[in-house]
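Same chain, two partners: chain A is paired with chain B first, then with chain C.
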Partner chain A sequence: MLQDILVTGLVNSGVYALLAVGFSLIFGVARIVNIAHTAFYMLAAYCFYALLVKGGLGFALAGVIAVAAVTAFSVLCYRLVIEPVREHEAAVLIATIALALIFQELMLLSFGGHYLGIPSTLEGVVRFFGVSIPYQRLLILVVAAAMLAAVWFLLYRTRLGLAIRATANDLEVANLMGMNVHRVAMATVAISVALAAIAGVVVAPVFVVDPFMWLAPLVTMLAIVVLGGLGSMKGSLIGALIIGYVEAITVFALPAGAYLKGAVGLLIMVAVLLARPEGLFGVAFEEER
Partner chain B sequence: MYPLRRVWAELKNEVLVLPSRTLVLAWAIALLGLPLVYNDAYVLRILTMTCLFAIFAASWDLLAGYTGQVNFGHALFFGAGAYTSSLMSQKLGVSPWLTVWAGAAVATLVGWGVGYLCLRLRGSYLSLATLAFPLIVLGLLFAFPGFSGGELGISGLRRLALTPTQNYYIAAVAMLAVVFGLWLLADSRFGIVLHAVRDDEVAARASGINTPRYKLAVFAISAAAAGFAGALFAHYIRVAGPSTLEVALSFQVVIWGIFGGVATIYGPVAAVFLLYPLTEWLGSFEKIGELRLLIFAVIVLLVLLFMPRGLAPWVRDKIEVQCPRCKQRNAAWKSVCRLCGAGLKAGASQSEVARAQRLVGHQ
Partner chain C sequence: MLRSTLLACALALAAPLAAAQGAIKIAVLGPMAFVQGENHWAGAEMARDNINKAGGINVGGKRMQIELVRGDTNEMGSVPDATNTVERVITRDKADFLVGGFRSEAVLAMQEVAMDYKKIFLGAGAAHSKLGINVEQNYDRYKYWFRITPVKDVDLVRTTFAVLATVAGQMRKQLNKPSPKVAILAEKAVWVEGIVAAAQKNLPAMKMEVVGVWQPSAVATDVTAELSAIERAGADIVFTLLSGPVGIVVGRQMGERGMKSIAFGINVEAQKDAFWQAAAGKANYVSTLDTYAKVQMTPKTIDFVNAFEKRFGKSPTYNAGTHDAIYLLKEAIEQAGTTDADKLVAAMEKISFTGAAGVVEFDKRHDPVWGPGKSTGIAVQWQDGKKVPFWPPQIPGMQPFKMPSH
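The block that comes next holds the complex of A and B.
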């Protein structure tokens, strides 16, 4: 059981980290609480399914096309829906909720409400310290680690990353220093949704695909992001590890654990917030005026 | 005769002078008079639900719009009211007329508790933390189905009244009373303090306002109203199920609130009265019944692109203008202010302004 907890926790943490880091990025740069973030993850899973099962493409090609298409689509959504109401925080909030609902309903209409299974990308298992890990889960882990490393590289070793961090730090000053903050925000949207889409593509063969698959990870992702501190990459990563393992422990060790896993994760988030209102790694900034 | 003349004078000078107030009066009269004219069980059912959700949306607005505590888990209070009231009436056999109040009371306590836990949080942290509470409760309900009925909830509740018309009047009168009460509260000195807490909490505290106490009070009041609506709702549809706690309901109230226009009380109520019957009506068509949530979301999105501050403020700005001198509101078609006689439009004729200023006693 211990090995199960270790492996499941790590794999789930990887997926959550991909989602949470993307969400955290876009919140940090554009102050958008993007409720539709996991809806893009769902869209990517459906896109992957359509290309793979209906379109008959190969795994790698289908995955790449799905991620690219969803990312391009997200930039379009941002330009058409979010940008016109950027000044009104409340309007942005429900615009993203409405987007998520629209995606859910569109998928419900075109694919139906039943669960769709996707054949495993990689068959077979690897034995590791006496635990058998399916290759598919190993793939999730590898992809998540690679993507997180890529994001780290992008943020800390490139000019675009510098611009993103500067904009997140102080939008007005970044603008005054000659950065095109609109374009930076758009690039951030693309990066953040690409991460979500990659998560959607790699988990699709393991989890089931249905139009409501965005809700459960949404709540967990929000819990992780708040737990780690809004806008903090390191916080999102460590938050993902904490919540991933807590969920795994609850599911394997408690009776009725499957029902309680969300509740326990959220309880931990609330407990952390009570002790540290700005999250584990959030910066306790003075009130913005 | 005097009281009647007094009422008429109040009506003429306070309500009928402004188109928005006239609209609200007409709406209230229409709401109360509808069953006398058009007594259709289906329509009454939809309007009853609309009224209950209107209480819910207005209570969210007091908390999120006025005080700035944007609550993403408002369904918790609704569900607390619904479950308390139905458990009491089901397990203890108490009359629903009493348990509804108990539901509101428990919701008040829950609201106070959530507010207490969230006192140090602000902004997005508060929104996302409050989202967690109903889900924690939901997890517990599913884990202990013996007590809560699990996924099915508690069904077979008694109704407050027997006929659809009676139930409709209970909901309508409760809605008018609660919404008007919340509006009065939000318009009072208390409401002004809430605006201050939202706009700048540090400055409010520096001015000697005990902001934690105000925040707790608003959490409790808002939760009480939401719990009351939840209890009435449970007894009306005769089931208190997990759907009263779901994220969908919490998001729904956020959509209603922002769509209608925050910090107005009447805005969210107007939004519920537009959107809820609309979705039900769309659902009644066989062909597009499946599309109703999609249409709903698209409408919300489109309306928002054109009225980012919400529906009610937009309409209000169209039919009323603010006097540049005394900041009072006037009907849009007036050329001089009804109170201070200042010209409202650039092209107000001199003689008209002079006449109005003589009337209101200006030099």
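The block that comes next holds the complex of A and C.
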């Protein structure tokens, strides 16, 4: 049973980490609580489905177009909906909830409430310590690791990353130093949503595409980023690992309570917050900045 | 000139009104953006068109046409939306009868509104026993409720166990497993509780070993951990009780993992034609209870399924039972010679109606009587992208149940 928990937990964590990284980035850097983050993930999954299954394009082309289209659309949404109210956190929160619900209803109108399947990018299964793991799951793990590395590289090894971190550290000083803070925020939104879109393209083949698919990951993702420390990349990764393993342990230790796996994860998040209100790596993140 | 134009306009406006006065209005209630509602509407449309083409319904010597009212209940997301829709179709659209409904939670609430207005409501979607128990416990209020499809939850259990016995028997014979191991994989929902308890109690007596019960959420998007545990437990049969999208995830992930165990039970998503695509073609051998197939359940079944497929390009789900519901209503109206609800209730209680899904006779709870030759449902299995019916085996047209090679 131990090997089942170790392998299954790791595989689950990969999915969660991929979703949580982008959300964490946009909050940590641009201070935007983008509730529509997983809704963009849903849009990318639908876009990928339409291009791949209906349009007959190949995996790579459909994936690239889906990610590019959703990223471009997010920039439009940012300019029209988020930017005008960006100074008011509550308004941003409400605006992004509204955006998510609009996307949901638009998909419901366009595709109906049908559950759609996307073929696996990689077929086949590998046995690891006696546990079956489909190749698609391994791909998610690899992509999640690559995305984390890419985000780290972008933030700490490029001029754009420096600008993003400077803007996040002190908006007014960054502005006085001649940085175009609006453009930096927009770039952050685009990068964050691109990560969500990549998650949609890579993760959707193991899930089911439907207009409500953004809700469950949103709750898990919020739990992960709050647990790890809002805005901390490292915290998101550790949070994803914790939640992934807690869920696996719950299912293996309490089969008839498998439906409780989400609740147990949230319970742990609450327990951590009671002990450390800033989350596991909240302070560390502040120091990093 | 102006006067004659106005007169012509008035006549043009009055004509459909006059036609409507001679029509029987039937509200079709369902979640119209979903497969369930689509089937509610499609089944009703077929019945309306065929009946109207044949001259309509004979109400005491007067021929009346059927007019359908589309009632989108949005019940997947909101029970209040569903009750508001019932209220609207009754008060604003002046519906005479109601057919449809899907989620038991919503239909229980919709039943209350329909009964408030003493409207006959023919259910074609909800299985919860409470709907019929209401009729038995408070007949005067709830007598206007009748269930057409599916059979009530308790009877679904009977059918499920009967099929499970057949599957286990085949497993004993083909795989030489005297006591097949069964993993119960049931979503966490009220409707499965009784079935899970009954399975844990009865399967050992049926010479099957229960290796565990796993209960994911009905909307779980991932059951990797559950399936790993089931595989580790060495299950031969995964007894599924799934009504939500988790049914697709289970089918797909079992296939992706190359599991040797067979999934059988109730998997509502697996009843739909779109299941194979939704599971990305991975759900081979997944089997479930169902209602319609091209087999001779009654003399009407094959013709109905063929006509449905020809018109809508897909096979019907059990929610297309609105078709049988409207034909049954026609028969009752013609027998009673009236559309008066109280007189129709009396006529329907005595009716023996041969529909496309089975022979419908109502018990004291206004539930269809369960049994071979009446209403039992069928069992189907996905084999290489096709939904193949295999139970009850004595019905002409049934095909063999298949198992993955071990």
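In this section, the second predicted complex is superposed on the first by the 275 of 289 C-alpha atoms of A that agree within 3 Å, B and C clash if a C-alpha of one lies under 4 Å from a C-alpha of the other, contacts with A are read in each partner's own complex, and residues count from 1 in each chain.
One rule holds in what follows: contacts are C-beta pairs under 8 Å (C-beta built on N, C-alpha and C of every residue); 3 or more make two chains touch, one makes a residue touch a chain.
Fair warning: this is a prediction, and the values are worked out from it, not measured in the lab.
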Chain C versus chain B on the shared chain A, clash or fit after superposition: fit
First (chain B), second (chain C), both or neither touched by A:L116: second
Which of chain B and chain C A:I242 touches, first, second, both or neither: neither
Partner chain(s) touched by A:I32 [first = chain B, second = chain C, both, neither]: neither
First (chain B), second (chain C), both or neither touched by A:L222: first
Partner chain(s) touched by A:A166 [first = chain B, second = chain C, both, neither]: neither
Three-chain overlay, vertex chain A: chain B-chain C angle, C-alpha, nearest 10 degrees: 70
Contacts of A:Y259 with chain B and chain C, given as first, second, both or neither: both
Partner chain(s) touched by A:L52 [first = chain B, second = chain C, both, neither]: neither
Partner chain in contact with A:L43 - chain B first, chain C second, else both or neither: neither
Three-chain overlay, closest Cα atoms of chain B and chain C, distance in Å: 5
Residues of chain A contacting chain B in one complex and chain C in the other: 108-109, 256, 259, 261-262
Complex contact set, residues of chain A against chain B: 27, 33, 35, 81, 84-85, 87-88, 90-91, 93-95, 97-99, 101-102, 104-106, 108-109, 215, 218-219, 222-223, 225-226, 230, 256, 259-264, 266-267, 269-270, 273-274, 277-279, 287, 289
Sites on chain B touched by chain A in the complex: 70, 117, 120-122, 124-125, 127-129, 131-133, 135-136, 138-140, 142-143, 200-202, 247, 251, 254-255, 258-259, 262, 290-291, 293-294, 296-298, 300-301, 304-305, 308-310
Residues of chain A that touch chain C when the two form their complex: 1, 4, 7-8, 11-12, 15, 53, 108-109, 112-120, 125, 131-132, 134, 136-137, 205-208, 210, 212-213, 216-217, 247-248, 251-252, 255-259, 261-262
Complex contact set, residues of chain C against chain A: 31, 33-35, 38, 76, 187-188, 212-217, 219-222, 224-226, 228-229, 231-232, 245, 248-249, 252-253, 256-259, 269, 274, 277-281
